[in-house]
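Next come two complexes, and both contain subunit A; in the first it sits with subunit B, in the second with subunit C.
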Partner chain A sequence: MYHGSPLLLSVLGPLTAIKIEGQPNHLLCSLVSVIADFICALLIRATGRILQTARGLNLKFLGLDTMLEDIEIMPSGDIAALVYLWNPFTIFTCVGFNTSPVENLFVVLSLYGASAGIVPLAAFGWVIASHLSLYPVVLVIPVILLLGYCPDTPPRKLFLQRDLQKTGAEGSTKNHVQHRPLTNKPTEATFFWWRVILFFMWASIWIAYVLILCAISVKEYGGLPEMFKRTYGFILTVKDLSPNIGVLWYFFAEVFDFFRNFFLIVFHVNILFMILPLAIRLNHRPCFLAFVYLAISSMLKSYPSVGDSALYLGLMALFVNELAEMQFSFFLFCGYVGVSLLSPVMHNLWIWRGTGNANFYYATAMVYACFQIILVVESVNAMLNHDRKIRKLCTTTEG
Partner chain B sequence: MAEDKPKPRPIIRIGLFLISHSLLVSVVCCTAGVLSLLLLPVLGKNTYISENALMPGSARPMLSNDDVSEGERFMNQILRFDTMSTGMEIPEMITAHIMDLGGEVNHHKFLPQFNRFHPLHFFLGPDAGTVPENYSCSSYGINTVGIIRAPRGDGKEAIVLVTPYNSLKITRAEALSMGIAYALFSLLARVTWLSKDIVWLAGDSRHGEYTAVASWLRDYHTASFGDLKHSEICAASNLSEMKTMHNSFRHAGTMAAALVIKVTNRSTEFEKDALTIYAEASNGQMPNLDLINIVNYLAVHGQGYRVKVQKIWSLLNVWWLKSLGQLIEMLGKLAGSLNPQWNFGIPVSEYVECTATLASSLYNQALGVPTGPHGAFRDYQVDAITMEISPKFSSSLNNRQYEILLHVGRLVEGVVRSVNNLLEKFHQSFFLYLLTSPSRFVSVGVYMIAFALLVAPLPLVAASLFSDATKSNPDAEKDKYASKPASTLQPAPTFTSWKWLYAAKQVLVVHLWSAIVTLLPYFVDQIPDSSPTTKLSIWIVLSIITLLFLDSFSGSSFPSTIRSRDTEWILLKSVTVAATFIGLCLMSVINFATAEIGALLLVPMCLTAVPLRLDNKVNTLRALIRGACNVIFIFVGFPVTVFFVLKGALEGFDNMRFGDFWNWAESLWAWNSATYIYMCMVHLPCWVLCIQTLLHRF
Partner chain C sequence: MFKCCLHSQLQFRSETSLESDHLMGSREPIVLIFLILISTYESSAKGGIAEELNEEFTEGLLLRPLPDRKVLAHFHFQSSVPPTRIYGRHHHLFPKSIYQLVNKFRVREMELSFTQGRWNYERWGGYDPISSSSAKPPGVELWADFDVPLDQVDDSWRNLTHALSGLFCASINFLEHSTSYSAPQWSFHSFAGKLRYGTLPREAVCTENLTPWLKLLPCRDKAGLSALMDRPSIYKGYYHSQRLHLTSDDFGTAKSNAGTMLEQTLTVVLQPNTLGARAMVSGKTLQPSWSLNSLFGRKVHGKCSVSKSSNVYVQFEQNLVSELKEVRKKSEAPESGILIHDDFGNNTIFEMSASPDRVVKEVENLQKEDSSILLEFLVEDYNDSKPFDLGLRWKLPVVWSCQQAPLHASRFLMGSGNERGAIAISLKSLSSNNTPTVGCCEKGSQLRINIFQVVPWYVKVYYHTLKVFIDGELQSTMENIEKIHISPSEDKVSPGVMEMILRLPCGVITAALTLEFDKGFLHIDEYPPDANQGFDIPSAVVSFTDFQASASFEDNLLNKLPILNELQERKHVISYTEVLLVPLTTPDFSMPYNVITITCTVFALYFGSLLNVLRRRVGEEERRLKSKAAKKKGPLTSLLSKLSAKLKGRPVEPPETPSTSPSLINNKLVLKVILVAGIAAGWQYYFR
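Up next, the complex of A and B:
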């Protein structure tokens, strides 16, 4: 049963029907996934390049470049692209003909467009990604922050302090600093409203475009309301309770029917609750914020797949320099390996051998969710520690 | 993180405490693990009928003397065909008899399946099989399948009775088992209480009993007639004699249970007739314990049989087991005198017997090879056992046919009646258990403790080694610079928490190698006309070459700066231990018995591994003992050595050949045993990594 976008279906649908003699049935579709993944990796690499340049500029501005120049900076874009491409999860999604590579492609496209400052591209990626799987709609905040400010920087307060000191050394007054136009680094304090407005304009254009195309393609199947019900409604009401690697199916299989709506709201609001605090705390690092959002939504999604994990793990590798001091990395690695091996075995034990039961499999799903939580918590922790370290270095260099 | 805070949370403190005392904890845990394994026979519980609907023995047996004489006549009729020309006589005769009883019959033709090594077989279902290219019409086996439709059923469920016989040369014992089935069949065709269809499969075992049952089951469940399409050439010669109505495949719903009835001519040493139960299916899967329970209950209480399960006989005379049994008996008596409620002690003889049975149960499950034709049923989630009846001491089958027919017939009738009562599939009782005697078992909750204790030190030691390795670089702590990849010229940022990646890479390479080793037999097997010894030698040589190649290809795994040299083996050991832990846990889910035996070998080996040069440097007695232990563990841990030591212990060292290991491995993959994968992809890489740790250069 297909509950995805009708536009994607009109692209992929004919491919499923074509069969090459002597080859597996889904070869062409898998090929599409492979191509999507490849483009995705290239975009991640390009994003990594942009982030790295921005990082170098920022450090230079803070006067830390001389101090840190003997520290080797890893080419984070290349590493992230390789991590994404060689991730076994990515390979599995290609083999299993999942649509998540296509969804991932548009998410990354949107992030790339935003960090490169290409507003139409960012809007296009965001609209299509949200259209395909709904959850990337929360990425609107990191995209706006990316467009409004520049790509990831150390906390903005530092730049202000820096300015203050420079001007203070020159003998200017505090008041003067506040109003002084920041000529040497214009991006860090100003917010480009026009780019955000432009983004929303482009987004509405793309939304209208997508809706029109959808309306045309589902005209004889009940029109747009039916499409919303079958795609977004299907995602939000968790109708399909067949086992997956998420935690929702078991919960909604067990829950009493009259509580169902309540818990549906609870689970979905869970994602929304975390948006605002994280946005406030990490507003200077929009790309990292996007990674955190994606990780959280892949954990609480109604129908998660390993493709989602592949995406956020790939994005995490973009911050390899910042996360160098991350705790529990080995523990997390072992956990991911263990769970991804144990989960199919438990599934086999339950479904095929009949000696286990649903709890066996669900236990691995819960452990997987726990590891994802630890990953998010530890990476955010490491990122904040990194910012603290920079602040400390700033104050010491000032002294 | 935890060290920064003055007082971390209690759970973290407990974790840190355990990690800092990992040596003591691991010694205690391993000893406790081995001890609790030896205590399992004491901890076994008496079996009980868990599902109320079964109600065994609640009805009086209906099998009358008439049915028994009918069965005896049937048997004698079969025995008259001692020389067979086409192999069709017996099927035709059974067909005629079943038709007379009002049942449905069909013949199922099948070809033997050649078990070639194919890497994907392990992951595919039982459907995968290759049909040999060259076959002759006479090589077909013909199963005869009779079905009685239940008067009170809806045809959705069935109970299967299987009697294998060799159609080329039928023995008296096989004929007797067919007689039993026929006597039952003639009874069940008349009774009114039947609510599940009865299927009688007279399996042609000329290609082996398992093949006959497995190929019938495959066609039953896939609804394809795989082998029949190959038989079109033979149709003219052979099938024309059969009536066409017997060729259409008949179905009778899902199977609730299956009983394989066999009679042997070997008499037991006991005063009673004996019934041996075989239950192990592929990969250590067992039928639901309730099935064994009802058979055991009805055989002991209904028919006065002596019920046996397999045991390892050579263990019965082991002195240390006896003295351990005496110790346990003494402790039990002591505890009983202190508090009469503590009656855990069991007599020595019972302890030794239980241990021998448990060892056999473990061994058969660990091997992952089914112990009889019942194994084929488990692949389709049908609970099945083989019942083998052997006559009592100093009596033969010839003069006691009638008696055996009556007793076994009534026993099977009782079992069928119980299973007939079932409303659902067998689900109430255990699927995961080890038998210590026919009426005692150790459930998963108990035997897991032994395994859990054995593997518990692994994550602890991995964590403690890991924290040692990250802390032991004081320079790195101080100036935040540490080792870096040799390829880059500038100093790297610390990446202290990512240093394990190099060790992980090395472990990954070894595991990659092990995957290649697993697949090598596929190519080695295709070398024509070579003895097992040559094949095994080729396998080993190719493996070593691949390892050397991969090692040089992946380059030096660690950055070549001097500073990281001494922590490098610690990290490597830590990652190895973690990988072994994951592998063992995974295997314990797939096949517990393999994981348990594997853990006994692997855990001491990878916990003690320390570079020999380090021991050499220190040169104390403790280091010397540790080095010696390491070498012994490594020597014993090699799969080939394990095999020969076990084989020698069980069968004697007299006629052992080098090629036996190849034959053994071949049998493992022929039966799609996960033990083969475990051996090659968990045990072997761990062994190699331990050797790498031992031979580590500073």
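Up next, the complex of A and C:
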């Protein structure tokens, strides 16, 4: 039962029917996944390069480059690409012919386009990714921030302070706070409104394009309203209760019908609730913000797959330098390994052997959700601490 | 004939007089008489039709010894009423509830069956009219064809299910939901679009369903053949199927005079009491002897007085007749020339307690040496002092087999585990039979088989995985399927329906169809009370369109008898496959509260901890630690002061005079409480 985009179906559908002699049936489809993953990894690497140069420039501007020379800086783009490609989750999705590699590709495409400043590409990636799986809609905030400001920087206040120090040193006034020279902002802090407007223009063009294509392809099957009902409606109302690694299937299989709508709203609003606080707190690091959003939505989405985890784990590796001091990293690693080993065992026990119980599998899903929560919370914490450290370093250099 | 004409004349007179009064007012009586004369003439001219312009009720019972030492009893009751436009709305015999049902929901044809047990096609036959029409899938099967516009068919169906549910004390109303019924296009019966079909395989059938069924008969079970229906002996049987077939021409545009016909049949397969050890003759076991009294525990005390005919038939099947001839040849060689039905009352092979009033032979078009024989007994001749108790006693062992359907259809599940599986329908030709498959081969045509299968939505069948195996070899699907119609299931909306005509080469030994499926996962409320037992997939209907299951009898007068009409009706050979039991994965039914609380806890953990991380400021924490160390004060006041400081946007300053600060906070607190109370009161007032 396919509940995805009709456009993706028209591309992938014929491939499922073609069979090569002597090969497994889904070879071509898996090949598509492999190619998508490979391109995705290349894009992640390119994004990592951009982030790294931006980081170097910023640190130089803050005058911290000499301080940090003794710490080894790792090539985060290469690491992230390798982490993404060698992640067992990525390999599983390719073997199992999941559509998540294609979805991931468009998400990464959007991030790359935004961080490289290619507005049409960013808009295209965002539109297609949201069309395929709805949840990347929330990425509009990081993409706008990426386009408006430049890629991830330390907090902008530091630049401001830095400038003020310089001007203060020049003007030799002690309480520089009182004469705040607004004209002397660094270029990084300005917000490029025209790029954002351009992004929305391009996005509306792509949306129109996608909708027209969809309308043509689903014309005989009830048109666009039916398509939205069968794709987005299916995602939002959690109709399919097949077990997956998420937390919602068992909940909605067990919850009383009377409360079903209430909990549907609560769970989906839970994703939306965190958007604003995170955007306020991490607005200077849009790429990291995108990673957090992806991690949260992959944890709370209706039908998650390991492909989503593969994507956010790969993106997390972009921030190896910043997240070097993350807590519980070994515990989290062990947890992920343990869950990914236990979960198939429990599934097998329950579904195939009939010796287990639904609760066994549900417990692993719960543990997995908890680990994801810890990962998100700790990575946000580590990133904030990193910014604090930079601020402290700035003040010490100042002093 | 003359009596009938008179009767109808009277009837017509009254009707016409009413009509003429209404139309013409008061005119000369000569015109009236003239009109009456004309109507009389017309009715006498259409004597055959006029004869049917009465309500009729007939009863019949067919008994047939089965090869596996059992006896088939097939009760047949038929009530008919002429069309409303001729006959009016007042009935003497026809059940009012059924008449109202037909008129209200505009049912053109309907069949409802309650069945317990499974018809054993291999032993009890699969080719004869009774097995095609009265062998039904276990549980309840209902199909109905409506004479309403296409968009009202579903509503009519829903109403009909509720009405029948009330009428027969069964949960037929479960067929109301769109997941449980389907609209076959062409395979099941050839009514386009207005037919609905639904089954409840797990419906238990018991006396509570039989009693309302008997209430539809004019004599109930007090007199006539239905008096035989002793509940314990009927439900003791191996197979029990009560059927109600309804046809109505009331709404048709064609001015036919068929009217509404209600056909009620009860088919039971019973095991005669053998009373002790089995009788043996020359090393072979005798077939059990039986009588009506031993089978049903009751006797027939005459016919139901309102019934037009009341006959009991004993049928000897074609194979049995030829076997009887064989046995007779062996036992008494010199008399081999004597026809078998010369002495049915008492011969060397079996003995009947009553001699038949008539013997009817089946006429076969095909060149068969033997044909089945019906022995007719008229119940009219018996009364209370002389009850009718037909008995059959075997003297010599006879072994025979029933006539089989061209292919034996069975259905089974493949695969293990609760994730996926496959349904296989296997068609096997039984090697030791003499079905007319041979005849088909001579013609050089192919065997056409119509398969109709409904699968509930939680068994998600992938129809593209359809594979056809013929004699164990995988065949290309397109070559062997003449026509196929599939409507895939939609989750929680409609079941999956597959109709197809399979074309098999002649002389095929085995053919199999496989379809793969995934098992769905249901909500906790959608599971039946005994969820671990599994879910039933309704029987598939396999009909052999090239073969007609009908017998034609030599005596033309017999065509007037409904029970024989039923046997002579030209129908396809139909067999039902087994009901499949699919185990589905079950959640833990005791867990709802635990799951809700645990999941919500995880969500709260996520929300709280992430918000906490975002909110935290290092400087603030250090200050708090300092203030804690400096001063031990009530946790609530410190929290409140921090909150108020935060609201003001100032850093927390330890209150210098502890006496003033709490009062300030208390004032605020009081204000807030009053505000909240005011809002609550307003809310209450507004929404009262």
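FYI, the second predicted complex is superposed on the first by the 383 of 399 C-alpha atoms of A that agree within 3 Å, B and C clash if a C-alpha of one lies under 4 Å from a C-alpha of the other, contacts with A are read in each partner's own complex, and residues count from 1 in each chain.
Quick note on the criterion: a contact is a pair of C-beta atoms (placed from the backbone, for glycine too) under 8 Å apart; a residue touches a chain by one contact, two chains touch by 3 or more.
Please read these numbers as outputs of a predicted model, since none were measured by experiment.
Peer 1: Looking at A:329 after the superposition, I want to know if it touches subunit B, subunit C, both of them or none. Which is it: first, second, both, neither?
Peer 2: first
Peer 1: Please determine whether it is subunit B or subunit C that touches the greater number of subunit A residues.
Peer 2: On the superposition, C touches more of the residues of subunit A.
Peer 1: Of the two partner chains, subunit B (first) and subunit C (second), which one does A:253 touch, if any: first, second, both, or neither?
Peer 2: second
Peer 1: Quick one: is A:384 in contact with subunit B, with subunit C, with both, or with neither? Answer first, second, both or neither.
Peer 2: Only subunit C is touched by A:384; subunit B is not.
Peer 1: Could you look at A:201 and tell me whether it touches subunit B, subunit C, both or neither (first, second, both, neither)?
Peer 2: neither
Peer 1: Considering only the touch criterion stated at the top, classify A:341 as touching first (subunit B), second (subunit C), both, or neither.
Peer 2: first
Peer 1: For A:354, using the defined touch cut-off, is the partner it touches subunit B, subunit C, both, or neither? Pick first, second, both or neither.
Peer 2: A:354: touches subunit B and subunit C.
Peer 1: Quick one: classify A:212 as touching subunit B (first), subunit C (second), both or neither.
Peer 2: In the superposed model, A:212 contacts neither subunit B nor subunit C.
Peer 1: Would you please give the residues of subunit A that touch subunit B in one complex and also touch subunit C in the other complex?
Peer 2: On subunit A, the overlap between the subunit B and subunit C contacts is residues 352-354.
Peer 1: Applying the document's contact rule, which stretches of subunit C touch subunit A when the two form their complex?
Peer 2: Against subunit A, subunit C makes touches at 416-419, 460, 491-492, 520-525, 585-588, 591-592, 595-596, 598-599, 602-603, 605-607, 609-611, 613-614, 616, 618.
Peer 1: Under the stated contact criterion, what part of subunit B meets subunit A in this complex?
Peer 2: Contacts found on subunit B: 1, 125, 285, 381, 431-432, 462-463, 466, 484, 488, 490-498, 500, 504, 574-575, 578, 582, 585-586, 589-590.
Peer 1: In their complex, what parts of subunit A are in touch with subunit B?
Peer 2: 70-74, 321, 324-331, 333-334, 337-338, 341-342, 345-346, 349, 352-355, 360
Peer 1: Can you check the complex and tell me which residues of subunit A touch subunit C?
Peer 2: Interface residues on the subunit A side: 1, 239-243, 247, 249-257, 266-267, 270, 273-274, 277-278, 281, 296, 299-300, 350-354, 357-359, 362, 366, 369-370, 373, 376-377, 380-381, 384, 388.
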